[in-house]
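As C-alpha cells, here come the structures.
Shared chain: chain A. Partners: chain B in the first complex, chain C in the second.
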Partner chain A sequence: MSDFTTWDILRNLLLAARWTVLLSLVSFVGGGLVGAALLFLCIGRSRAGQAFVKAYVELFQGTPLLMQLFLAFFGLGLFGIDVPAWLAAGVALILWTAAFLSEIWRGCVESIAKGQWEASSSLGMGYIQQMRHVILPQALRIAVPPTVGFSVQVVKGTALTSIIGFVELSKAGTMVTNATFEPFTVYGFVALIYFCLCWPLSRSSQILERKLNVAHRNH
Partner chain B sequence: MSLIEITEVKKRFGDNEVLKGINIDVDPGEVIAIIGKSGSGKSTLLRCVNGLETIDEGSISVAGAQLLPDELHLKALRLKVGMIFQQFNLFPHLTAGRNVMLSQMVVKKTPKAEAEAMAKRMLERVGLGHKFDAYPDELSGGQQQRVAIARALAMQPIALLCDEITSALDPELVSEVLAVVKELASEGMTLIMVTHEMRFARDVCSRVVFMHQGRVHEIGPPEEVFAHPRTPELRQFLGVTH
Partner chain C sequence: MNYAFDFGWLADYWPVLLKGLGITVELTLVGGVLGVALGIACAWARALGPAWLRPVVAIYVELIRNTPFLIQLFFIFFGLPALGLRMSELQAANLAMVINLGAYGCEIIRAGIQATPKGQFEAGASLGMSRIQTFRHVVLIPALQRIWPALSSQIVIVMLGSAAVSQIAAEDLTFAANFIQSRTFRAFETYFAATLIYLALAILLRQLLRGLGWTIFPRRGAAR
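Moving on to the complex of A and B:
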C-alpha cells in the first residue's frame, strides 16, 4: 500500500524537529534579551519608557501570535521587502516572547515586599543599588520557575510558523501526511515529539518551583 | 543645639491631614518615646524623619542634613539616621553577616575586609556574633530584629529611629530586643522610638511624646506624662480611670 516505512516518517519528522528546537532557542534567548530590556524600561523611572512597554505588552498580548506572524511575513512585503519565512518567524516569536517574559519578570520584581525597598532606602542605597543588590537577586529566584514554564509555550508557539511556510515539525507533519496519506500515524508522531520536547521543560519548572520555594528565604 | 529639629511639619495623604504641624527638637543622647493610638500619625512622623515619606510643609533636619526629596540629600540624611522596622526587613537572600556588610560596601564603599570586621563587631554587640553565617529564616524574630539593629549600627548613624520594633515579636522575644535598645541608650545613642511598651518608655526614655490626631498632644519626662497626664485623651489612652 504505502511505500513509506514508519522509520521514513519518523526520520523526516525528527529532521524537521531540529528547526523547531532551533527556532524555540532563538525565540527564547532573543525574547529573553528583548524582554530584559523591556523590563528595565518598565521598572525604570522614565514615564515614557513605562508607557512604551505598557503599549508594547498590550499590543502583543492582545493579538493572536498568528496575526503577528502574518503581519511580519506579509506586512513587510507591502513595502517591497522580501521577508523569508524563517526571518519573519524568528522576529515575530522573539517580539512575542519578549512581551510575555517582560510581563512575567515585572510581576516578580513587584512581588518583592515594600519593606525591602524601605530598608535598603533607609540604609542610604540609591535606586540602582537597591535594584542590583536587593531587589533583582530576590526577583530572579522567583522568576526561574515561571520563566522555564513559559518556555513550553514558546516551543508550542513555533508550530504556528508552519502557516507562513517555515518547515518545522508541524509543517513537516503536513508534508509527510500529504505524501503518505497516514495522518493519524504522522500526527501521532508529531504530537509525541512535541511532548518529548515540552514535558522535560514543564517537569523541570515544577521541580525548580519546589526547590526554590524551600530555599526561598522569606522572613 | 538640637540634633534633630522637626519644625511645623505637615503631611497629607490626599484629603487626610495626618500630621498637623509637629514641632519636636531632640538633643544628642536623648531617648524619645512616641506613644499614641494607631492613626495618630506617630509612625508617619518617624518615617518622615528618614525620608520614607515626603512632607508637605515644615522642615526636618538631622545634624545639619536637611530633608529634601532628591536622592543626594536623602542619602546624606539617611547616613545620619538609621531606621529599624516592625517587620525587620532583613534581606532574605543574604546571611546575617552579609546583611550587615552590604550597605557599608555599596553605600560607603568600605573595603570588604573592613566591612566584615565591622559586621562581626556589630553582630557581637547585639549578642549574635555566632550567627554571622545564618540566613534570616534560620533566626527567630528577636534575633532577626537584633540583626536589623546591627545592620543599622554598622552605618554608624548619629541617631536611630525605631518603628514599633517589638510589635511583631512573640512576647518572650521582646525583652532580648529591648535589652539591646536599652544598652544603646545607655551608651548615649540618640533614639526616637514609636512604641507600645509603656514600661520600657517609662524606664528608659528621657521624654515621652503623646500624639493625638496628628498633633503633639503632650510632651514631657516620663514620670510626669505617665503619673500626671494633663489631658483626658492621654488619661484615656493610658487607661487611667477618673
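Moving on to the complex of A and C:
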C-alpha cells in the first residue's frame, strides 16, 4: 500500500471540484432558462399554463432531489438511451433548479405593487410592454439576492449526483477515503472546499440584499 | 420506447417499503423536534446570548449552511469514529438531521426574535422578569408564530433531504427502494413508487405542521 500525503489528498479533491463547479454552472444557467420559461407560463394569462407550473413546482419541491436523480437516470434509460451519469445529473438538476427559481421569481413579480400595473395600463401599454418596461425591471432588482442565495443550494445539490455515479467532489471524497483510510481528513477537506465555494455566494447574497434593500423601498 | 411497466413486485415488497417509510417518519420526527429545539437555543444565543457565544454559534451556522447534507452525514458517520466517536447508522442519521435543521432553524427563528418590538423586552423587564424569563414567556411564542411558515417548509426540506441517509445504510425509504430494485431490477417503477410516497409524505407533513401552528399559537385577536 502506498502512502498518501495531505497534499495528494487535497490535490485530487481540488481536481474533482472542477466538476462540481461545472455541473453547478450548467444547472444554474439551464435551470434559469427553464425557470424563466416557467415564470412566463405562470404569470401569463393561460389557465392551463398556470396549472401546469403549479403542478410542476409542487412535484419538484415535494420530492427528494435524490429520487429525481434516480428517476432521470433510470427513466431516460427506458427510451433506449445509454445514459451517462453526467447527463442524468444535468437533466435532473436543471429541472429541479428551474422549479425553485421560477417560484422565487414569481414571488418577486407578484411583490410589485398593483398600482404599477394600473399606471402602466392607463398609459395604454399592452401586457408585453408592461412586463418589458415596468414590471420586470423592478422585479429583477428584488430577484437578485434570493437568486444568488439559491445558487448555494444548487452547489450543495450537486453533491447528491455522486450517488448515481457522477465523479465530482463528493464522489472523489469517497474514492480518496477508500484509498487512504483517512475519512476524517478527507471529508474535512471536502467540507472545506464546499464551504469555500458556497460561503462567498451566501455572503454576496446577504450584502446584495442589504445594498439593494428593495423590499422596503417600494412602499 | 418499448418497455412494459410492471408494478407486480409491489405485491411482494410493500412491507419493505412500509418499514422504510416508518424509519423515514421516525427520523423526521426526532430530527424535527430536536432540530427545532436546537434552533431555538442557537437563535437565543445568537440574538440575545453572551458575547462570547455569538461568534461560536455563527460559525456553526455558517459551516452547516454552506456544506452539503451528504458530506455532513459522511463526516459524522465515517469521520468522527477517528476521534473515537462511534455510532450506529440511525444515530448518525439522526444526529446529522438535528445538526442540519438546528443551523437553518437558528437563522429562521432569529429573524422572528429580531422582529420583536423593543417594548416587549422592556415590558417583560418592568414586570420583574429576568432576561431568560422574558425570552421564554414574552418573546419566544410570538417569534415562532411569525416565522412558523418558513420553519415548516424547512422541516419539509429536511425530511426530503433525509433520502441521503440511505448512503450510510440507514434503512429509510430510499434504502428500501434501493433494496427492492436490486432484487427486482425494476428500477424505474421502484423509484417512481418511492417518489410518490415522498410526495404524499411532504404534502401530509405540510398540512400537519399547519394544523400544529393553529393549535399551539393563539389566533390573532382571539386571546383578548
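Following the convention adopted for this analysis, the second predicted complex is superposed on the first by the 210 of 219 C-alpha atoms of A that agree within 3 Å, B and C clash if a C-alpha of one lies under 4 Å from a C-alpha of the other, contacts with A are read in each partner's own complex, and residues count from 1 in each chain.
We adopt the following convention: a residue touches a chain if its C-beta (ideal position, glycine included) is under 8 Å from a C-beta of that chain, and two chains touch if they have at least 3 such contacts.
Fair warning: this is a prediction, and the values are worked out from it, not measured in the lab.
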Which of chain B and chain C A:129 touches, first, second, both or neither: first
Per-residue contact with chain A, leading partner among chain C and chain B: C
Partner chain in contact with A:202 - chain B first, chain C second, else both or neither: second
Chain B versus chain C as contact partner of A:110, first or second or both or neither: neither
Overlap of the chain B and chain C footprints on chain A, listed as residue numbers: none
List of chain A residues in touch with chain C within their complex: 59, 62-68, 70-71, 74-75, 77-80, 152, 156-160, 162-163, 170, 173-174, 177, 182-184, 186-188, 190-191, 194-195, 198-199, 202
Chain B-touching residues of chain A, taken from the complex the two chains share: 113, 115-116, 118-127, 129, 133-134, 137-138, 141, 216-219
Residues of chain B touching chain A in the complex: 50-52, 71, 74-75, 78-79, 82-83, 85, 87-93, 102-103, 106-108, 135-137, 144, 148, 151-152, 155
Complex interface listing, chain C residues touching chain A: 1, 3, 62-63, 65-72, 74-75, 78-83, 156, 160-164, 166-167, 174, 177, 187-188, 191-192, 194-195, 198-199, 202-203
